[in-house]
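Shared between the two complexes below is chain A, which pairs with chain B and chain C, respectively.
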Partner chain A sequence: MSIRVVVPGQLFSYTDGQSRLVAEGATLGEVLEDLDRRHPGLRFRVIDEHGEIRPHVRFFINHQPALALSRALADGDELLVVGALSGG
Partner chain B sequence: MDQIVLLIGTRKGAFLLHSDAGRREWRLTGPHFLGSAVHHMVLDPRDRRTLLLGTRPGHLGPTVFRSSDLGEHWQEATKPPAFAPSADTKAASVDVVFWLAPGHASEPGVWYAGTVPPGLFRSEDGGDTWQEVPGFNHELLPNLREVIGPIPGGPPLHSICIDPRDARHLYVSVSSGGTFESTDAGANWRALNRGVAADFLPDPDADVGHDPHRVALHPLAPDRLYQQNHCGIYRLDRPGDRWQRIGRAMPAEIGDIGFPIVLHPRDPDTLWVFPMDGTENWPRTSPGGKPAVYRSCDGGESWERQDNGLPRGHAWWTVKRQAFCADDAKPLGLYFGTTCGELWGSHDEGDTWLCLAEHLPEIFSVEFAAPAP
Partner chain C sequence: MWVFVPMNDDQLLRYSRHILLPEIGVEGQEAILAARVLVVGAGGLGSPAAMYLAAAGVGTLVLCDGDTVDLTNLQRQILHSAEGVGRLKVESGRDTLLRLNPFARVETVAERLEGDALEAQVAAADVVLDCSDNFATRHAINRACVRHRKPLVSGAAIRFDGQVSVFDLRQAESPCYHCLFPEGQEVEEIRCAVMGVFAPLTGIIGATQAAEALKLLIGCGTTLDGRLLLLDGLGMEWRSVTLGRDPGCGVCAGRGEA
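Showing the complex of A and B:
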C-alpha cells in the first residue's frame, strides 16, 4: 500500500532535505516503521520508546487528525507529519 | 596542550570557542544543530577525539550525536537512551539527554548518560547504542518516585562521577532525589545524603529526596567530594558518609545557594562556586544583580569574593550547573556561561575576568576540552 508522506523541516536531516516522500504500510505505525527503514532514526524522533506520539508532533491522514498508530490507511492516502506549535 | 576548546551547549544549539595554549585570542565556531537545545557536549579524554552531544529539538525526541572531527561531521546514535517499552500509559519516556560522562580510563568506549526524567544509561560502543542501567532505573527509581512524587519539568540525573581507582565505584545525583553510590558497577545503590539539608521536605532527616545541583569528585583525591545543593554547599570525606555544610562560612548576605561547583584539578582544597539569590521566591539571579565567583583555598573553611572584571550591577543572570568549568593550564583557567548568553573567562584562577563571547542563546553547559593535535 503506497502512502504519500509530507514531513516538516525538523525531519529534513533524515530525509536528505526532502519534504515529500513515499512509504508503504496499512496503518500509521507500519508507515512509520517503513519510513524508519528508509530514513534511519526518524521514527524515534516522533514516537517515544513506549509507542506514544511525542507531545509536539501531530499526524494528519487526508487532513484528518490521526491520534493512534493503529489508524488505518488506504492506498494513495496522504500522511502529513507536523511539528505542532507550542508557545513562543 | 596545543589548543583549548570550550564546548558550549545552549538553548538554541552548540558552539565551540577555540584558543591556543596562550589563551589570548578566542575564535567562535558554530552553531551546530541551530534551533535545538543542547544540554551537554563532552570530549572523550581517553582518545581526545570523540565528541558526544545530547540534543533535543523543540518538537522532536531527544538523541545523541557523535563527532570525531570536532563537529565537522556528526553521526546520530543508532540507539539513543530510552527506557524499556511499557504498556503503562504513565510510563516515563526520556525527554532530555541531560548529562554525558566518559567511563573509566580502563574502559575505552564506555560512556554514561543521565536523563530527564531521571534515568541512568550506559554505552559500551562510544555512544552509538545505549542501554539502561537496570539496578538504578528498575530497582532504585521506582522507590524514589514513591517518595518524591512528580516534579514539574522533570528532575535531571546529573553529576555522574567515577572513582579513578575503581571503574565499578560510581556516584550519581538526582534533583530532586539525592546522591547515590554504587560499588558494583551500578547493580546496587545506596543513598548518600546524611548531613544534607532538605528544607522543602517534611522530614529534615530524610534518606532521599534531597536536591543536589552539582556534585564533583576530586580526580587526585577521590575520597573528597564537594556538592552545591539547593540547600547549601557541602564537603564529604570518605569513608565518612555525613556531608559537612562548608557553605556556612560564606558571607551571610550572599548565602550558599547556587548551581555549579568547580574543583581545582591539582589542589583538592581549592574550589569555586557561583552564588545565586535563593531568598523568598528564589529569583535564581546573581545576588543583588552583582555577579561574583567565590573561591575557597582551604576546603571550604573560608571563602573570598572574585568579581574583578564582572559587571558591577544590574546583571540579573546566573550560571547553570553544567556551565562552569576549569581548564588544566598553569595558572588555571576558569570559564562560565550565563543564562544571558555571555561566556566569561579568567586566566588567573578567578582574580580577573574577561567576557570572551556574548549574544549567544541561554547557555546550558560549558566544558573544557584539549583535543588531540
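Showing the complex of A and C:
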C-alpha cells in the first residue's frame, strides 16, 4: 500500500528538506510508523507520548480530515500533514 | 447595519475599476465604504492586508499592534519604511494607509488587543483579520469572534509555508479556529524572528486575507469558509483541504443551537 505523503516545512529537518515522501501502510497509524522508520524522530513531532495526535498537527487524506490513527488508506492516497503556524 | 452614503464624483472615479465588476458594482463598493474592518497585527500579513483594504475603500480600518518598527521588519512589513524605525507600528501604518487613500478612516490601538478592548473591537467590526504572530492572540481573537458571531479571516506565514482560511462564524455550520487547531499547553510556537520568513510569502497570504475580507463585505463569490488554503512557497504549490466543525470543540460547541 503505497501512500504519497506531503509534509510542511516544520518537518524538513527530518526529511532532508523534502516535502514529498512515500510511505507504506493501511492506516494512518501504520503510515506514520513507516515514515518514522525512514525519517527517525518524525512521528514524535506529530504524535505525543500517549499516542494522541498533537493539537497543533492535523492530517488530511485526499483533502479530507483524518482524525484517528485507525483511519484506513488506499493505495495511491495522498496524506497531507499540516502544522499550525502562528507567524504573522 | 451598514449605512450607505452615495459616492461623490471623486469616489466614483477612484473606485471605478471595482464598480465595473458586475460582482461588485456601485452597491458592493458602497458596502466596502460603509464597512468597519479590524486588523490585528501590523506586521508581515497586516501590512499588505491593510494596504489593499484601505486602497479598496474600506470606510473604517482599525489597526492594532503594540510593537514598534524594527529594522528587521522592513524586509517584508511594507506598511513601514526606514524613517519609521522606532515608531509605533500603528502610527507608521496609519501614515502609509492615509497616503494610499486620504478618504480612509484609520483608527489605531497601540497595544496588544485583549480582554474587554478585544471584545469591544470585535463586536464593532464587520470583519476581523487575524494577522497576529502568536497562538494566544489567535485563540483570543477566535473566542471573541465566536461570541460575537463575526467572520474571521485568519492568515499565518513562516519560512516558506503559508496558511489562510475564513471562519464565518455567522454561519451555524462553519468551524472555528479552535475546531482546526485546539488550544494546547504544549503548542509549538514558531516565530519569524527565529525561523525566518520569505518576504513575498507574507504579501501573498496578507493579500489573500484582504481579498477574502472584501468578498465577505460585498457578499460575492465563494470564500474560504470551511476550507484551509495552504501555500508551499518553495514548490509554489497551493493545496486546499476541507474543514468541518468539531462537535466537541471547547469554544464553539453548541453554537447555533436554540
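As a convention for this text, the second predicted complex is superposed on the first by the 84 of 88 C-alpha atoms of A that agree within 3 Å, B and C clash if a C-alpha of one lies under 4 Å from a C-alpha of the other, contacts with A are read in each partner's own complex, and residues count from 1 in each chain.
Operating definition for what follows: a residue touches a chain if its C-beta (ideal position, glycine included) is under 8 Å from a C-beta of that chain, and two chains touch if they have at least 3 such contacts.
Note that the coordinates shown come from a computational prediction; the quantities given were computed from them, not determined experimentally.
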Partner chain(s) touched by A:Phe60 [first = chain B, second = chain C, both, neither]: second
Touched partner set for A:Glu52, first chain B, second chain C, both or neither: first
Touching partner for A:Phe44 - first (chain B), second (chain C), both, neither: first
Touching partner for A:Ala84 - first (chain B), second (chain C), both, neither: both
Which of chain B and chain C A:Gln10 touches, first, second, both or neither: both
Chain B versus chain C as contact partner of A:Ser19, first or second or both or neither: second
On chain A, the residue positions that both chain B and chain C contact, one per complex: 8, 10, 48, 54, 56, 83-84, 86
Residues of chain A defined as touching chain C within the complex: 6, 8-10, 19, 48, 54-56, 58, 60, 63-65, 80, 82-88
List of chain B residues in touch with chain A within their complex: 57-61, 63, 76, 78, 80, 82-89, 91, 93-94
Touching residues (chain side chain A, partner chain B) in the complex: 8, 10-11, 40-41, 44-52, 54, 56-57, 83-84, 86
Residues of chain C touching chain A in the complex: 41, 43-46, 130-135, 138, 155-163, 180-184, 186-192, 195, 197, 202, 228, 230, 232, 234-235, 239-244
